[in-house]
């Protein structure tokens, strides 16, 4: 092979790895975007709740010594419960006309969840199980890490289940009805509070899976993961277009690949600057995001 | 004074305003009527630069103000009220007027006094308008605490605080009872005495027929008739499109 | 005594940070960029006194002016987005500033040691106060002179027409435009003023802690910045001061005996406070009640 070819193999490899990891960002982005779609609110505690759920599933790993896939499902279940608690504590009883209040309460929740985790684990990182982390699939000249492929596959399955729920079940149709016409949906007998709660539970479970995937790919869980995941998730949401699920998916993969290739070229300390620049480019030239409508700007 | 030339606004495939041409002369009260969704409010929003025109032009006193930003339209001498009242609810009544004092005369006052002058300065200037709107006793109240009719009056006073030469009233009688409508009519006639030009977009027929000099009728974004109130009342096209259904 | 001086310094600096977010919030913009402006003021202010040997006052003013310029530049693109989009955009900007300082090295030799910012190691030895023999008490007074000046200025602005115009824009942009307010000018000006005040706070912060690093200026600090005016209620600058005293004084210092648990309590209290008083602890009604109380005392 030519020298040029050798030059580009490593960057392409890092884009591939990054995109597979980016499926986690896509899951978090979908969570932000769904809650925004239904409530027109931002739930800043979302990524922290996802990490919290992953921590809760450690019980299944450490006490019951359950297999990794069971641990992941426990994370999803635990995060669904946390999602419901977040809804009750931060959104249910605060008037919808006060966006600042819910913004602040969900920040408080972010800090609270993070601190609970810190106290439960004495602030030490905990090992997290992975699947296929010893597998390396060789696709000359590239190779695929087994654990990243597993993350990607599980994320795709989770997205598939979510889309099935949203588009093929009564529950999902009710959710989308509330997102589009809250008052009309209410007249049709769809309870807005219930739909909101269900959305928080579903997105919570999705986030829990994402949190577990982070743990599985990094190998450890740490409360320090919550804030960067929040920032990346929000960036993915905005780049994808607020309220757009396909947008969040594409943007998640885009951001994942983008950050990894810049990590390859510029190192881990600088890579996030380029992710921010990508966001600013979008805000300047396409503020509605990849798939958003202009009207979603306010 | 105000001239709309072949003005059009399309939202996707919907022609909200379609090739509209009309002229409002200085000192007259011009009525713009039409059934719901006929493009009346869209026309007001196009004049005020709320959203961009698809084609055509807006001229005011001979100057082209097509697609000018809203605050430039105000500086040119046009202010408006809103169909669904949009006051600053957390500001007091007189602060609502104070915020609106953006006329050329105000600008001459010097930066410091205009922006950083204390309470008294603003209150003094607002008093005449408060009297006109019958709100002098409510001056220190938060706008959100006013009754519906008072809010309508305050919004009109706020539009006048910028000292416009053309006032756009977007359905000012919506939700008012008969007595309030007649008070509104008296207020509009009083404004004409001061030489104000008014474009009145309205649904309530007794108000339009009672105070306007000329009327244009819109249907599906197009002008279907124009003339004095008496002519409009007799116009068969208008009767079918609008008056027949509204039964006025 | 030093304990109280230290607390006064901390509360003073955080009040400036809260005031910077207050001005921007009045126009309805939730800016998570204040920590970024604060960082610019801190690093530049420190570099001017340590590396260039300036007096602290001109150093702080120039650093604050630089923050204001950056804030103006941020303000224009920020106009294109609102609400949640603005939160994310300003959050990303703040993080970008932090990461910039994380990667920024500029050191010179001073005597036998190297001074200046050094990437992840941070910027150590900002020793203007000890080198010039200022006592802790004097530093506290110096800080509070600035706080009082800024608070008085914003108090005045709030009561002038500017205050009403800012609030009008925050409440209803369309209505504000239609009474002749230039939205661009108002929002960018608010950003600029906010950037200046945050830069001022940052400049002071760098000098009294003597050691800054990028981790000081993260998302948590940005959250504090907007938490003060939101918790304090947006009706008066006094609310910001009370919120800072409540959070930094009461929660952080008085509850010190709770050790690490107070952060947990902090999160829980914010959630509780927003459920009980979504308008802030110190809203317009509370302001009026307190005024009435004082009125009665006078009579």
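First chain written, first letter: the chains are A, B and C, and each begins at residue 1.
Here is the rule we go by: a residue touches a chain if its C-beta (ideal position, glycine included) is under 8 Å from a C-beta of that chain, and two chains touch if they have at least 3 such contacts.
These numbers come from a predicted model, not from an experiment.
**Q** Identify the chain whose mean C-alpha position lies nearest to the mean of all protein C-alpha atoms shown.
**A** Per-chain C-alpha centroids ranked by distance to the global centroid put C first.
**Q** Which chain is most remote from chain C in terms of Cα centres?
**A** If we average the C-alpha coordinates per chain, B ends up farthest from chain C.
**Q** When the centre of a chain is set as the mean of its C-alpha atoms, what distance in Å lies between chain B and chain C?
**A** The separation of the two C-alpha centroids amounts to 42 Å.
**Q** Can you work out the whole-Å distance between the CA centroids of chain A and chain C?
**A** Chain A and chain C have C-alpha centres separated by 31 Å.
**Q** Taking the mean of the CA coordinates per chain, how far is chain A from chain B in Å?
**A** 48
**Q** Of all the residues in chain B, which ones touch at least 2 other chains?
**A** none
**Q** Inside the complex, what are the residues of chain A that reach chain C?
**A** 36, 42, 89-90, 93-95, 98-105, 107-116, 118-119, 227, 230-231, 234-235, 237-238, 242, 269-270, 272-273, 276-277, 279-280, 283-284, 287, 297-298
**Q** If you look only at chain C, which of its residues touch chain B in the complex?
**A** Where chain C meets chain B, its residues are 156-157, 159-162, 164-165, 167-168, 171-172, 174-183, 284.
**Q** Using the touch definition up top, name the residues of chain B that touch chain C in the complex.
**A** 48, 50, 69-71, 74-75, 79-80, 82, 86-91, 95-96, 98-103, 114-119, 121-122, 158-159, 161-162
**Q** Show me the residue ranges of chain C that touch chain A in the complex, using the header's touch definition.
**A** Residues of chain C touching chain A: 25, 30, 77, 80-85, 87-89, 91-93, 95-96, 99-100, 102-103, 119-120, 218-220, 223, 226-227, 230-231, 260-261, 263-264, 266-271, 273-275, 278-279.
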